[in-house]
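Following this line, the structures themselves.
Two complexes follow with chain A in common, the first pairing it with chain B and the second with chain C.
Here is the complex of A and B:
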């Protein structure tokens, strides 16, 4: 291409190399690059990122070495062991089960479900926002009515009812049930942004030159609002951790034999546990708080990176 | 404007109908029936069948649905199998409790959020603004039930300042004591709900105030020599008040949905706790009634907000 170009122009090879070098250095940096610069400029954000990535990796790997059924076996000798006794780092609960091990496996389950829920509900929400936002008219009207209806449903109650209906529910069905109800926020956000984006010239130009609608939606509009999508996905991940743990806390999430951060906090429902045996539930509660704060903080940093006027990591 | 509101209400009708069908079918799909619990060696199977038949539990679903709807319009939501009491009376009793809690929570939320929002907007970019921003950020991220559990632990058990269960003390005899005890029981959950429910209002009010600060009418007022305090109180705050009032509808729905957690943690006998209990007893009639009530309250909440917004913002009216 470059040689071909050279044959028909007066620009020498050296000039061309210099020009393309200049063009490259002056080009807008990629989204990933901007986000990374933003993290480098903001030390607390870097700490949060390291904590989150390190913690998730630790939990995922460590839980591989824990035999869950064996861990969940009752051991009366360790009944409410204090932290530090009998070689149990965080003590034991009413069944003599190690709290530290439950915490690791529980975190893996809770984070795993939150990740799955985020992946499914965000994908669905993005589509449910892009399509009505782009087409408007009847399609928009119809899809908005579905959205309105879903907004009306009392979410927590519906999930609880569905969980009791499904005969053999496990982590996967649970994630699917949650996903039915948690796409509205994303959809609303993406739709309003797509509405604005569809009015822009490049969309009109693509339409005129005969690009198919689907291609315009997913190859042109979606990349242009990608920063919004990344921010929203991060923030909903933090929120979704609360969704599963909350339902498990009420007793309608993961079954009791499967540890989750929520079921561990549910230990606090017993007035004896909450006062005397604080180690059975407090670590899980603190962990959720730290996780949610760190993840949302990362989300805030990415949001800042997406908005050029607020960037701090500025090599511009 | 009336046209917009009317259209909005007309859309609600099919939504409520679909919701009622959905709720009814889901309740029917739940495993077990209200009499499974009474099966024991002494129970006569024929008698149980008779009971099932008497309650119309063998009819096809659309017939049962139709009966249910007809009864609904007569104000009869059926009989609770668990409490042996008409559902309407049962829920009415619980609803008062939930409304007390939700209402008080709402008042506290606004009492906290309004000054904070104006204050943050007024001192944009300075220390108070940063503090309030961090506060809203923290309260927004942490799942509400974790806060409830920590709150009841610290203030209910460790310090013992607040009661940890129930809605009213058994010792309360005079009406003054009754009200006092009632108030005392909802104080902690309401404060927690308010502290952690201010985010939307604060952020909205803050950006309203920041926008208003740069608008012409404020500059004119400044030029006339109106004191800064009066500008905030009479000009900016007045203008932002109606859209903020519109948040009330959304706030109510948020608080109601949170009530399931609040009432479970504090063992507060409201509709949320009733729902959780009814689920474990498969008390269909109560479950369907509650989901329907919550759905309709959600609708009314959003309707209220939309109507206020339509009044305030003519652009919405045209759409």
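Here is the complex of A and C:
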């Protein structure tokens, strides 16, 4: 068998090292390289990347040095301190608690929940979209009925009910409760693209090459819809920050003694706070706006990197 | 014994409609065809768009669910998935696709694309695998620097040659070539076809060559089957089909080959119109009441035509007389 090929080709084992060296010098840059070039070409996105990475690192590290129970103790002497007084950088709220410290711990909680929720719900949603889209037929029918049933449930109400009947819930249980419901949009989006993608000839070629179905789904089709997956994941990360924030704002998110961006924005429920004590809610609101804007900038860059015709970075 | 024998192959697609989405009708894409491919030959399958050529080809590589009939390879019916797996069937039967761009995964490098069948069927070491890929690239006339590039960086002809390299990788016995050059311009067509012929000479591969281009088929094939509306209308050697066509559909296809001899333009046009007139006037004679082709009738050891027996022999006689006169 191998002799057969040796007969008809001048290439022999001796040339292997030299030829693969030649090929390496002509190789197309890796995906990571392309994304990095794309960031370098787009200054606002670069700024957004620095903001996001820097902020998340700062919040994760700084919150390690903050004693949360002590921080959440009421201190009547600091009642609605203005920013800058009594050594409080962003002032204090109605309980005399430091807004700056609450912002750091609250951001860590909110971003942690959003990251966890995005990881779980996107992974599940992608699988629940790829598998029915590829197999179609009975598997598709069955999985879509499950999807329809989940869509039918009123999401917000179910979460509120679950939160009230679970006695001791914390950030982790809250993330899991959210994850039950937030995979649906992703799954339908991925399924529709997979339906189109699995009709293409390269899937047929992989089948005739003897590749197994699971390998075709996750190694052939998934990389080809990666731009869709990345955009959907970044955008749902931004959205998921809002999910936790929104429910905490309504009083059904994290327990009140746990600070989060949502509980801080809930300070704006009081008209007095809105007009006079703006420092209790404005920093959290601004932070959410900046985070979500930055994430969507980054998502755009990654989408452009995935599509050769939209690239602005260095040409290869 | 033939390499592969197709017996009464049928592929019908269901049409669903109505409130309960029940099967109400069927489209007979392939409607009972039989032929055999010998080892080392190029078998041409010709017909207009929608005549079922590609469906037949896909059934032969096992990509299409067959309604009934059988495809025998080494005495086993490979329309069953279990038989295909047991025989490692796709190691011996590979496919070259019509659209070279969409048949190569745009997210994979050329090395991974060509190595895919090798990884599944022959578990080579990393060095051996890379060496084999480099040899394959050399055989189809591409440089080693193609190894780490992506499909979109190549021209159409180069991509099609990458497709040929992938199909040849496991040293198969039969390659189904589904209109491999129809998307390429003429100079590149010749290039790819010559590569395919060269590879056939060197490795002794059989081709099932699917095309609607009769010029290309004449260049490539020893035996030819003409397909019309899911059925075979004429089977024969190259000489039978091109010089002694009997069925009106074959005659029409041949008349449609463009002729570049300007001096003969009027004569050529007249002969085309004559064929078309016969088709319009005598259609009922050549097709049955449902507008389908008749079963095949042998008029010589190599030549069969889908006509009622009496008419087939009468036409064959006329053809012999005409040749004797000429």
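What we mean here is this: the second predicted complex is superposed on the first by the 283 of 316 C-alpha atoms of A that agree within 3 Å, B and C clash if a C-alpha of one lies under 4 Å from a C-alpha of the other, contacts with A are read in each partner's own complex, and residues count from 1 in each chain.
Definition applied: a residue touches a chain if its C-beta (ideal position, glycine included) is under 8 Å from a C-beta of that chain, and two chains touch if they have at least 3 such contacts.
Keep in mind that this is a model prediction, so the values were computed, not measured.
By the touch criterion defined above, A:155 reaches chain B but does not reach chain C.
Contact with neither chain B nor chain C is seen for A:43 once the two complexes are overlaid on the shared chain. Touch criterion not met for A:168: it reaches neither chain B nor chain C.
In the superposition on chain A, none of the residues of chain A is touched both by chain B in one structure and by chain C in the other. Within the complex formed with chain C, the residues of chain A that make contact are 1-2, 4-13, 15-16, 19-20, 22-28, 200-202, 204-211, 220, 223-224, 226, 308. Interface residues of chain C, counted against chain A in their complex, comprise 58, 61-63, 88, 90-91, 93-95, 97-99, 102-109, 116-117, 120-122, 127-128, 130-132, 134-136, 138-139, 144-150, 152-153, 163, 166, 171, 202-203. Within the complex formed with chain B, the residues of chain A that make contact are 145, 148-149, 151-158, 160-162, 164-165, 167, 238, 241-242, 245-246, 249-252, 265, 268-269, 271, 274-275, 278, 281, 285, 288-289, 292-293, 295-297, 300.
The residues of chain B lying in touch with chain A in their complex are 11, 15, 18-19, 26-27, 29-31, 137-138, 140-146, 149-150, 152-153, 157-158, 164, 256-257, 260-261, 264-265, 275-276, 279, 287, 290-291, 294-295, 298-299, 302.
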